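Chain nomenclature is as follows: A, B and C, assigned in order of appearance, with residue numbering initiated at 1 for each chain independently.
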Amino acid sequence: MNATSEITYLQAISDGLREEMRADESVFCMGEDIGAFGGAFKVTDGFIEEFGADRVWDTPLAENAIVGTAVGAAVEGLRPVCEMQFADFIACGFDELVNVAAKLHYRQGLAVPMVVRLPSGGGFSGGPFHSQNPEAWFLQSPGLKVVAPSTAEDAKGLIASAIRDPNPVIYLEHKNLYRHVKGEVAEGRYETPLGEARLAREGSDLTVVTYGAMVHTALEATEDLEGASVEVLDLRTLQPLDTEAILRSVRKTSKVVVLYEATRSCGVGAEVASIVAEEAFEDLDGPVVRVCAPDVPIPFSPPLERAVLPQVDDVKEACRELLAY
Amino acid sequence: MATTTARPAALDSQREAQKAKLTVDDRRALLRYMLMMRGAEERAITLYRQVKVPGSFYDGRGQEAVSVGSAFALAPRDRCCVLHRDLGAHFVRGLRVGQYLCNYMGRTGSPTGGKDGNMHFGDPRLGCVGMVSMLPDMSLVACGLALAFQMRREPRVAMTWFGEGSTANGVWHEAMNIAGIRKLPVVFILENNQFAYSTPNEHEFAVDPVERAQGYGFSGVKVDGNDVEAVFEAAAEACERARGGGGPTLIEAVTMRMHGHGAHDDMRYVPKELLEEWAGRDPIDRYRTRLAGEGIDVGAIEREVAEEIARETEWALAQPMPEPATATEGVFATEDPDLGDGAAPWSRWAS
Amino acid sequence: MPQMGVSVAEGTIVEWRKRPGDWVEADEPIVQIDTDKVETEIPSPASGRVKEILVEVGTTVDVGTLLATIDTGATPGEAHADEHVDAAGQADVADAEAKPPPVSPVVRRIADEHGVDLGRVQGSGRRGRVTKKDLLAFLENGAPKLHSESPYVEDQAPAAGGQELSIMRKRIADHMVHSLQTAAHCTTMVEADMSRIEAARGRLSYLPFVARAVIAALREYPMLNATLEGDRLTVHEDVHLGIAVSLGEDGLIVPVVHNAHELSHEGLAARVKDLAERARDRRLEPDEVAGGTFTITNPGRYGALLATPIINQPQVAILDLEAVVKRPVVVTDEHGNDSIAIRPMTYLCMSWDHRALDGALAAQFLSAVRRNIEEWRS
């Protein structure tokens, strides 16, 4: 059993990435300002000193180039870990991602073992271009895997798995969790399996299905909800979804709230709700409810942003209503 | 893994002498591959007209020298991203004509198993990465392949092709820029065939793109795209530069697209005189004449190629259509096998 | 709340015809109310857009209480600020009143798997819905949380596909057989001219009037208001009137209007309505089916003319009120002249226990009932 230490979510990502780079020379990082500057959020702080400029590449401001070049390098046997400075900027590299990276294996049988790290999410007046949760875009692109850790422990394990996976993996790291979430994390290398959800809390009256920063919101909101026993399921991987875990929980509690910070339409909430309705209809004791941001760009001013991003009270209210149904 | 070669001067000049040397067999091979490309595309267009090819059809008639000449310079461990008018490159690297025909027909036996059509393929066993429709996305992928060689300190080259139209695209700029910044061992073959679909050069750029290479920090060279040996020499030199750490090269091969953008295009926007002029410079006619003049039995080569194409066509037509169940397979990889090496028919690589 | 009659002090909202945001014309029905006297529609005092509903359905308020507000300054066709929200919310409420609560998929499945009649399960969910928890608790405990002397008996045996009688049916069966075997049943019938009651009843049924007539007659002939247990006959002064209520296929139940002699026919109507509703919803308390001294059964709306009801033990008599039918009858005017008139007639069929009384008394009692009916005065 490895020793553990209490580290932040950000530190966990950094450690995980470092471990993988130490273990396999073919792993390297590329992104804007990740080298000398250590990354906009300091995830790769100290990396260039340890691994050299070759493996910690300060790319020009060119997202398509980052992603497209990563595809070529991955096809030739390297394991690039790209960093988009903000998740929002993946839009500038979208073409190479969905048209080249995502489809290469389907069309050609070519594995593309690359990772694209996306600092995502809002809650700090980042405004419309620094606050997005764009996971739904990738769920619509067959060939991409998508993960979204919520704890420091999972952040480290999932970056490792993402790097070892022979497919392009989108790694959503929520900016708000970087320094606010800490956890006991084992030292050394370990992998958290993709496609497996985790029960953040067991319960029997109602399930909140969620991921990323919202896991913490869900736990706080349902800690003390008039004695109700609320189960919180942390999806961890969004593609592929751990459908079994979702259905298992629904069969137990018969009431589901899907909580996600992204905008409402056609997101993870819609996907989970559909799966539940299709495959667990006879286990439902109430409608499947979604708590999420409305279909608006994320506004800048704090009261506006708070009105849009799901808050603890929103979750409490939705749970209360469903419990009473 | 990392090896740096310090080359003594004597070896240098020897290599210079060796660089662009073509034997008689090499020449035969060059003609053969061009004939194969033309013959295969003619066969494919016939099949298309016989409704055996769903979707669209694209060929590179008149441009055979560009892909054949440039791909001929590649070593076995080099890699390439082949585009839709560069069928010759696939053949040089070892692709069977039948595989090409199967890909157009959507049959098993094709490199994609029916998952993608027309020229959207590459045989990974031959080190070829297949193209996507968005041009020139593959130029960045080629940069990535080159990056891997650079990081591993390997004397290997990545080659890719694109038309003059895609130089207008932001992705092209990003690829050129990255290649220049890192001095990546990549060779960009710019096929200027005068028209991007119906758009002529003057609508695609204000400055001849070969001159823009300088703006990205590396050299650009213009060659007669219908002279297979000129293309070959330029490509061989560019590959050598890349292998030695000299960085990327942009080769503009000036040629003419003799058919429409696709079989659905009647090319009415192309002035007839232009077509006639370029018809007089047909790369295969020119090379055939030259080789015949040197005493090579071009007739035998033509017959061989025709027979091979006929055999391959028969084989391809016998391949079954893919099983519907395979439509949802293969989205994700479970393994990560390496790209294979391509054939490298240039005598230089025969050891 | 309007005053619908001099003695009316309060009214109950039965149904709102308009919701906030709706447009209403002056004199258009806006709400339906119920008072002791009558149920009626109230026309809107003005045209405008309904702003706020202040008293909800089912609530009883004093006459003069403000029920709703109308914005008379609004114009028709303009969207109300809250219309969408209200419409949705009110639709929920309206639905809740109108439709029975839904059965969720998981409850349906578990109920089917265990052969549970959901009517027997207490619902704690919204609109009285049986939740999964309710059902699981029901299955675990095997009994709903009612009084041990519950008038309802839960059905443990699977109902679907079985040949056996339900337990409720069995209990009714036992009671009926016991009654026939215990009492010396006789049935006496009189016919009564219902003209006056017809004229007086308005929207009420015949039952409360007949009940009132019966109660008055029982006060006159208390021997019919008695219970006989073994050899012990108890004549009661107070009338606790049992009214038989059909529970459809499940059977019937006889809730009791205690101290019915204190109620007017309107009061009787209201009490009977309440008891009947609650009986069908399985919400009667045990006390409410016990202690009756006389029973009336009224299956008249199905058109039968005569019947021989079975006495509700341990009472000594039961009156069956069958259909009221127009018939040609001989009427004699004050001069003694006979003529044929068409009158609404009914047969009052009373079964009585010959152990406790004799035919003469039975006939006298029934004649008194008839008299009370035919000389009805509001």
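Rule of thumb we're sticking to: contacts are C-beta pairs under 8 Å (C-beta built on N, C-alpha and C of every residue); 3 or more make two chains touch, one makes a residue touch a chain.
Bear in mind the structure is a predicted one, so any value in this text is a computation, not a measurement.
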Notebook entry, point to check: What's the overlap between the neighbours of chain A and those of chain B?
Noted result: none
Next item on the list: Considering only C-beta pairs in contact, identify the chain pair with the most of them.
Entry: A-B
Checklist line | chain A and chain B: spacing of chain centres that average the CA atoms, whole Å | finding: 40
Note to self: Just the number, please: Cα centre separation of chain A and chain C in whole Å.
What the structure shows: 61
Notebook entry, point to check: Centre to centre, by mean C-alpha position, how many angstrom separate chain B and chain C?
Noted result: 91
Next item on the list: Could you check chain C for residues that touch two or more other chains and list them?
Entry: none
Note to self: Give the residues of chain B touching no fewer than two other chains, as numbers and ranges.
What the structure shows: none
Note to self: With touch defined as at the start, can you tell me which chain C residues reach chain A in the complex?
What the structure shows: 104-109, 125-126, 129, 131-133
Check: Which residues of chain A touch chain B in the complex?
Finding: 25, 28, 54-55, 59-60, 62, 64-65, 67-78, 80, 95-96, 99-100, 103-113, 142-143, 145, 166-167
Next item on the list: Would you mind writing out the residues of chain B in touch with chain A in their complex?
Entry: 1, 79, 81, 111-112, 115-116, 120-122, 124, 129-130, 132-134, 137-149, 151, 158, 170-171, 174-175, 177-178, 181, 330-339
Notebook entry, point to check: In the complex formed with chain C, which residues of chain A make contact?
Noted result: 205, 254, 281-286, 324-325
